[in-house]
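These are the structures, in structure tokens.
Shared between the two complexes below is chain A, which pairs with chain B and chain C, respectively.
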Partner chain A sequence: MELLLSIILGLMILGAIYALFARDLMSALISCGIVGYGLVICFLLLQAPDLAIVQIVVETITLLIMIAVVLDSSREELKEKKAAEVKLSHFRKWYVMNVILIIVCLVVLLYFFKEVTSTLDPLGKHLTRMSTAYIEYAAEKTGSANLVTGVLFDFRGYDTLGEATILFTAVIGVLTILRVKGKK
Partner chain B sequence: MTTYLLCFVLFLVGLFGVLTKRNIIKIAIGLIIMELSLFMFFALIGYVDNGIAPIIVEKTENTKFVDPLPQAIVLTAIVIGLATTAMLMAIAIRLYKKYNTFDIRKIANLKG
Partner chain C sequence: MIGMTLILKKINQLIVGLIFLYGIYIITHGHLTPGGCFAVGAVIAGAFFLLVLAYGSDILKLRKREEGSSVAESTGIFIFLVLAFTALIIVTRIFFTNYLPKGITGELISSGVIPLYNIAVGIEVAAALFNTFLALYL
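Then we have the complex of A and B:
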């Protein structure tokens, strides 16, 4: 199980790296789709069918929006300066500084990652501490056969209300930004 | 542990994109990658060995369920991610119409 997930995650990382370095924005977006649809497979393997359904719909819509934006504007990636044009002296001046900064950042991030994951259970050994009550009483208290929707719409209904508020705000924001007649 | 580490690497790839790319679309892609790695992390936390999907059918006594709480949280987060991406794309297309470029070095005069 862990091996299979690791392989899919490795493919997702490759897709992500290609998405960041592609010259054409359209191929960058499509390899960003690799990450999203790989995540769908991972959700199915992790026994989360609701998440898989929602993720496949949302990923498709996201790709459609971004492809529409790219088709409406330019597909070309920005021209970077060629290596010969970059001043070597300027590069050397900051070279040591940059390397030290990167190493320090990586060490700090990895340290905190290790601290955080040491408090977690290893994969598959999770104890449902808080959700034990949810699993036990969800059927009789909410009447929902699907525990995820039971938690989402009943035990944590206010979260969903906040989510609806954020969606509404985002729609208003998009409408305001894309309004044809702007104020001069 | 390997999967947690790979999730973290995926997050770092997205962070690298946000910090170093100059194209607005590439920055948005980096943000999306960071989001997706977090969703993966939450789904991994809730997984239980030999557990089944948290849907009650008949004859489910003595079966283990996967934790439904992280799944509910991720379900909320996915939809919010879609909303923020749509907002970002609206801003990007508006900036392109005004400045005719996606280069954030050239979009310099952000006066009201």
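Then we have the complex of A and C:
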């Protein structure tokens, strides 16, 4: 399964890199879609159907909105030649320095990553007492057959209340900026 | 925003109802099968997105000052708070307690207040997403 996960992750990385360099904005959007839908398959492989449902719906909606925006404006990238050239020459001057810095950072990060992962349990084996207690007693204490809903609305009820409030406040902010009166 | 062609409108008529029903199915079985309030909100909002994209913004009479969706959003979070405060004030003196009888695990009507919370938050999320969409495309 780890091999399959790494293949999908590689595809996602390729899609993200292509989205950066694509000439047509529509193809950039579609290659962004590769990242989102690849993530859905990753969630399904890691046995998280709740997350997979949320991710597939949200990804579709985001893609729809972005495509509508691109269709309304223009499909081509704006050309800002001078700024790009200045940045490119600046990049060439510090070329060696940049590469050395990236390699040093990579080595340091990989070292600490190895140190940390050697002390952790493998993926999927939980460590804490609380999660074990949740899995054992959730069904009889909340009466909900779906463990995720039981945790969301019973054990972590305040969390859900906060999330709903945040969403409410965010939409009020959006409506304040984008209201009909402010558009004119 | 103007609508699209006749083919898209007809296919929309066939599909939107099914998507909406699927959302209602997930939300009523939220405590039994995978998928909770946030997924459901996105599904129901998606049904409305399709409707607005195909038929244009005239179909829902969107030019009013206050849309139904913002009322629905406020109603959803209000029901959530009322359910939470009922436990505090009337029933058990503890905030956010599951005060209804729990029933048998695995049946449709079970696990006390959790399905009601689920429906309230689902309405709130769906209305919130649809609200932002309307604010963008009005």
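The criterion applied here is as follows: the second predicted complex is superposed on the first by the 136 of 184 C-alpha atoms of A that agree within 3 Å, B and C clash if a C-alpha of one lies under 4 Å from a C-alpha of the other, contacts with A are read in each partner's own complex, and residues count from 1 in each chain.
Keep this in mind: a contact is a pair of C-beta atoms (placed from the backbone, for glycine too) under 8 Å apart; a residue touches a chain by one contact, two chains touch by 3 or more.
Since we're looking at a predicted model, the values are computed, not measured.
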After superposition on the shared chain, which partner residues are touched by A:154: those of chain B (first), chain C (second), both, or neither?
-> second
Chain C versus chain B, contacts on chain A by residue | B
Touching partner for A:43 - first (chain B), second (chain C), both, neither = first
Residue overlap on chain A between the chain B interface and the chain C interface 49-50, 54, 58, 61, 65, 139, 145-146, 148, 150, 152, 160, 167, 170-171, 174, 178
Parts of chain A lying in touch with chain B, wherever the complex brings them together | 1-2, 5-6, 9-10, 12-13, 16-17, 19-20, 25, 28-29, 32, 35-36, 39, 42-43, 46-51, 54-55, 58, 61-62, 65-66, 69-70, 72-74, 77-78, 109, 113, 117, 120, 122-126, 128, 130-131, 134-135, 138-139, 145-148, 150-152, 156, 159-160, 163, 166-167, 170-171, 173-174, 177-178
Of all residues in chain B, which touch chain A in the complex?
-> 1-10, 12-14, 16-17, 21-23, 25-26, 28-30, 32-33, 36, 39-40, 43-49, 51-57, 65-69, 71-76, 78-87, 89-94, 96, 101-103
Which residues, counting only chain A, touch chain C once they are in their complex?
-> 49-50, 53-54, 57-58, 60-61, 64-65, 68, 139-140, 142-146, 148-150, 152-154, 157-158, 160-161, 164-165, 167-168, 170-171, 174-175, 178-180, 183
Quick one: which bits of chain C touch chain A in the complex? Just the residue numbers, please.
-> 26, 30-39, 42-43, 45-46, 49, 53, 65, 70, 73-74, 76-77, 80, 84, 96, 98, 102-103, 105-106, 110-114, 117-118, 121, 124-125, 128-129, 131-133, 135-138
